[in-house]
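Per-chain numbering from 1; labels A, B, C and D assigned in written order.
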Amino acid sequence: MSAGQLPRWVDFGLIPLLNLAAAFLVSGLVVLLIGESPLEAVGILVWGSLGFGEGIGFTLFYATNFIFTGLAVAVAFHAGLFNIGGEGQAYIGGLGVAWACLALDRIVPWWVTMPVAVLGAAAAGAAWAFVPAWLQARRGSHVVITTIMFNFIAASLMVYLLVNVMAKPGSMQPETRTFEAGGRLPMLNDLLPFASFGTAPVNLALVLALVAALAVWVLVWRTRLGYAIRTLGANPTAAVYAGISPARTIVVAMLISGGLAGMMAINEIMGSQHRLLIEFVSGYGFVGIAVALMGRAHPLGIVLAAILFGMLYQGGAELSFEKPAITRDMIVVIQGLVILFAGALEHMFRPTLVRIFTFARAPSATVG
Amino acid sequence: ADIQPAVLYDMGGKFDKSFNEAAYAGAEEFKKASGIDYRDFEIQNDSQREQALRNFAKRGQSPIVAIGFSQANAVEKIAKEFPDIQFAIVDMVVDLPNVRSVVFKEHEGSYMVGMLAAMASQTGKVGFVGGMDIPLIRKFACGYKQGVLAAKPDAEVFENMTGDTGAAWNDPVKGGELAKSQFARGADVVYHAAGGTGIGVLQAAADAGKLGIGVDSNQNALHPGSVLTSMLKRVDVAVYDAFEDARNGRWTSGVTVLGLAEGGVDWALDEHNEKLITAEMKAAVDKAREDIVSGTVKVHDYMADQTCPF
Amino acid sequence: MFETLILILDSTLRLSTPLLLACLAGLYSERSGVVDIGLEGKMLGAAFGAGAVAYLTASAWAGLAAGIAVAVGLALVHGFASITNRGNQIVSGVAINFLAAGLTALLGQAWFRQGGRTPPLPEGGRFLDIVFPFAEELRAVPVVGPIYAELLSGHNVLVYAAFLAVPLTWWALYRTRFGLRLRAVGENPAAVDTAGISVVLLRYRAVILCGVLCGIAGAYLSIAQSSGFIKDMTAGKGFIALAALIFAKWRPLNAMFACLLFGFLDAVAIRLQGQPLPGIGEVPVQVFQALPYILTVILLAGFIGKAIPPRASGIPYLKERT
Amino acid sequence: MTPAIELRKINKRFGSVHANRDIDLVVRKGSIHGIVGENGAGKSTLMSILYGFYHADSGEILVSGKTAVIADSRAAIRLGIGMVHQHFMLVDTFTVLENVLLGAEEGLFLGGGADRARAELRRLDAEYNLKVDPDAVVEDLPVGLQQRVEILKVLLRGAEILILDEPTGVLTPAEADHLFRILQVLRDQGKTVLLITHKLREIMAVTDTVSVMRRGEMVATRATAETTMEELAELMVGRSVLLRVDKTPAQPKEKVLVVDHLTVTDSRGVDVVRNVSFDVRAGEIVGIAGVSGNGQSELLEAIAGIRRARKGSIWIAGEAVDIAATPLDPAEMRRRGLCHVPEDRHRMGLVTGFAEYENAILGYQDNPQYGRGPFLDIRAIRNEARAEIEKYDIRPPDCQLKTASFSGGNQQKIVLAREIERDPTVLLVGQPTRGVDIGAIEFIHRRLIEMRDAGKGILLVSVELDEIRSLADRVLVMFDGSIVGERPAETGEAELGLLMAGVHDGTVHGAHP
């Protein structure tokens, strides 16, 4: 799609804004339907997510999760693979984090544990992506099916491990013991002197996520491997022609994808919960699909989309806290509408704007 | 001044047809009786537990009742931050001076309905359908088995779990299939501890002309004549009491264990199932209740040693 | 043993029905070139619509109609986004899943105040099992009896509809004008366009058919297999149906076998769960929970070759590169 | 007599591109009317407007003297207009019959319509000698036959006005002649034919009238009898063009590529290349002639390391490559100095979604000069791409532009530049000028001769006999997977044509089963 016909600020500024406005307009109608004031609701949503330090902190905390899972989907996407397995890969990634933290937290400070945990998370997530990747590469088994299946298998594995192997004795909760200081990432609030994120769990993993985003950008557009990945995704026959091994590239791309998804667990497990617990991924992997696609598989877009979703999560929580009539389901509806209007219907206003701008630029050029 | 109570539900949400819903019922009951409104919140992910508790606390809500064992860590943390606010947690113990912990002896209630199941069974085979294979559900299952065997030592108990994802608590279709599979193996009474999934279990029992047993709240009315009884877990009472005690200035912290003796767990008998419970059955469970309360019969608590000897 | 097998197969039929309906739904859509990962959402929406209306009207048929209407409505949203506005089809599907999950719970709570559940259905609100003539009498006949009485007889009308939809779909796809054009538009929309056929209308028809079948699938869940709607009751079936569709390489007969296979694996896992395995002994229940998925992966790796989707699927049709 | 078609002041813009500008055109009924023009001149656009595939921004269309509103292709078909598109509009996975049936089903169900279509196909075969197996799947057919299906589609719908957009780009001379005979029969039956082609020889041979387009405008219309190729070429390009390749006799030196008993089996298990042996020396161009689909593509791909060979061996610059045994590795072939311009630039030679500079390193992405370690040095790559753009006059000269936005001729130059500038020992070239206008053809041919003269060995595969004859120093003819003969470049077209049809030593060699 050539963007040439509209000024850049329209393409990258006005159109997304219009789309978001449409999403909120329709959401407003739903809010109106259940008898609340849409304006007030938007106010609370925005204020709740951006209006004060702690709100921002929560927004960024959620955004961290989405950056990881969004990047995971995007890397696979560039290789022409649709990895729906982020959910399972992140879940298993938690194992890597937990093993590192449980082993080290009482012995060494967090900054020693952290690299081990990051490696553990990435390795575990990558390992979970490996089988689908290998099957796709060698047997042509469709990665969409296998990653869906591996999400379910991950859930079973984790319940087994958490209930029977890793649970702290005597606890009702299928969860490990809580990590000591050596297994906890510092909160950004404590790290940055000027920050005022209050008690929000936004932590060092955010920095890690941003580094990951930058690394993905470099990987995809500035390395030979990224070139191979994109070539394979865009034209598999050309990739073969260019001496790029499809099998190898598929596996590598999926390993990176799985590793990124696995790293989401750093934020949740080492950064916030400080223990491995059941179902901690709670849908972040799936939202990653929407984030990646809305961000057009570009790291910058993903970071922005992740922040938008972080806002919806945090602002939505504030909203349902303030307005009990607006339940958490309402927030899901709003998310759906945002994905619909800002994602799937992103071209809706385009033709109109093109007409307006062409007209404005050349009022004499009569057409038809 | 009036108290400003609050309830924080667990992930299942306040209409989970299970303990969260019971908590909601208790809070509503209190509101009706006292005219005092309350706040509540349904979390969507683990990070919101602390956030919501803190939000309540900051607004001066008290007492704040957190439902579900998953809230323990959050309650512990926030209760320390706000020592002047009264907290309560259901299903888990948090040892702090401003926290009331309410735990239930689900195994005792399950024991009672297990006995009823065994006695109502023609085939000597009964079933259990749990949501997810987690300790709490094993606790239900274990008490139930002991009860079944107490009434009929040669009885057989089939035990199934629905799944390993959150959907396990909301999958009536799978619940129905699990029940049907147990019926196919000869069971004719099935007890569920599976939230919304259980609706499918009870439906399958009704469809097949077998008996189901409800859980947490009284589900006898769902299929009158087909639900043998329900194991009541009075989370509603726990919530109601917490609010009421705070209002009357009778608030106590510490651990409250609610078993048969305290009326915290029970089995339901009403007009919907009275025809199903014979005098003989009733007599037997009444006897068992006495024995349990007096301590002559000890119902095994799975959580005590993480095993179920049955 | 034989009886066990019959019972497992019986359960297989029940479990595969919603998958099959959703899978065929996806087949129409994807064969026309519109990728649909919103099957889950459409099914969920339909389950809710069916549950709500069947409760209010005490008529299963009215419920079914409502379920279909809801799913078609969501399908049209998908069509509007991906056909008319040429949006990203996957994003649109994701959006529909979110919308359905949120709206069903929200409206369910607003209307029935039971936490997004619909109340249990009244008499007549549910599709009941159809017992074939002489089913009971013939039950005693060896082999044929149980097959007739247990396996063939005693399902609700939607089960039969689902399996009837397979040959119908095959026929529609390969023996009718609509089918020819549908297959063509999924492979090369430009060819259809130059043949003087509207790509947009054709795809809308496919997407609507997809909605109709998703509607039946959803209605089956809430007013045939269960008695009422429960929030999130589709429990991932839409995704499994999608997997089945790929497994089936977008062909109707294969779709039936794929769904039967998934249903069968599920039924076997349910049946085996909680029983010690011969030679292995007591096995953790999670093994059985994961079994259908593990077996699917193994089967996929072992027997099914590469699945090549309809060539134009997922790509919006755009003839003028503006 | 009223003209079959009259176009008045047709305008069409694609965004900022003014593809058709005030086009006027009159096409006489019962004539063959040729249209020529460079790549991107707007020929296809104009025809698509006539066929209702695109809508003109302004202008008027008259069909048989009556103003026609052609809202879509259906309307065009109803007016008796049929079109064979430059890029085939076939459903590859369908059978011939299904393709022909699409849009002409006659009724809701396929049964009756299919029978009628079958009968009609038989009739058309009898009348025009257009044989195809109705039950063959289109993607298994050679391009020549695929085009035949397109023509059958048009005829079956009873078109009175036929538009053919570059129909001969994929045909052998014999096939092209056959097509032209059919067109002449059609004309004699009173039908009107609009023919777009880059080949001026064809224009001179078959058309009655010819119109020339340049940069979206109609610059001239001539009676064919009253014009010359030179004049047309000049009208098209706006300058005079050399229509013949100037070259000196080759001076072959050592063998740089030796192919020995090569056999290649395709995915269906059929031997598509059978026991082929030949060599290429430094400083010569060896041409492989043949009707497309006789194994040339597979031969090239096997040599390039893209396709596995079942038997045989290859020496590059004296070093043996056991291509049957080692795992496939096109990169290794490149390291040994073998470069490859693939036949199909869209399928293989380019990633059209990439920027031009990214395509400039396709296949060479791992070369040390394009980066350090795992990283790519974008600046170095762009500099090289800019140099190639300049040297090969690739237009527009913007290396950051998406490759899809270049015309076919310029895309071809991108591929050629990339492979030639690698300074290979051996260059494999497949269909170097397919769909490319004469200006670009002239340039490409000149570059290949220069390479030869610089002492490179070139293996050229082309279905254009003209191209082979004017470029190659030796000609090998492939038929049904085997090399059926070697001839010097001066050999007459007739003799080569016979070899290509499988006739040699006076016997006809039938296709193997």
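Definition applied: a contact is a pair of C-beta atoms (placed from the backbone, for glycine too) under 8 Å apart; a residue touches a chain by one contact, two chains touch by 3 or more.
Because the structure is predicted, anything quoted here is derived from the model rather than measured.
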Computed over C-alpha atoms, the centroid farthest from that of chain D is that of chain B
Chain A and chain C have mean C-alpha positions lying a whole-number Å distance apart equal to 29
Rounded to the nearest Å, the gap between Cα centres of chain B and chain D is 75
Between the Cα centroids of chain C and chain D the separation in whole angstrom comes to 45
For chain B, residue numbers touching 2 or more other chains are 13, 133, 163-165
Where chain A touches two or more other chains at once, the residues are 2, 5, 152, 155-156, 159-160, 327, 331
Each of the following residues of chain C touches two or more other chains, namely 109, 116, 236, 284, 286, 289-290, 321-322
Touching pairs here come out as A-B, A-C, A-D, B-C, C-D
Per the touch rule above, chain C residues touching chain B in the complex are 4, 7, 11, 14-15, 18, 109, 114-117, 120, 221, 225-228, 230-233, 235-236, 266-267, 270-271, 273-274, 284-286, 289-290
Counting only contacts in the complex, chain A reaches chain C at residues 2, 5, 30, 34, 82, 84, 131-132, 135, 139-142, 144-146, 148-150, 152-153, 155-157, 159-160, 164, 286, 289-290, 293-294, 327, 329-337, 339-340, 343-348, 354
Residue positions on chain D within touch of chain C in the complex are 14-15, 51-54, 72-78, 83, 85, 87, 89-94, 98-99, 101-105, 107-111, 113, 153
Contacts from chain B onto chain A in the complex sit at residues 11, 13, 39-42, 44-48, 50-52, 54-55, 69-70, 72-73, 91-92, 132-136, 163-166, 303, 306
Chain D partner, complex, touching residues on chain A are 2, 4-5, 218, 222-228, 230-231, 234-235, 237-238, 240-244, 367-368
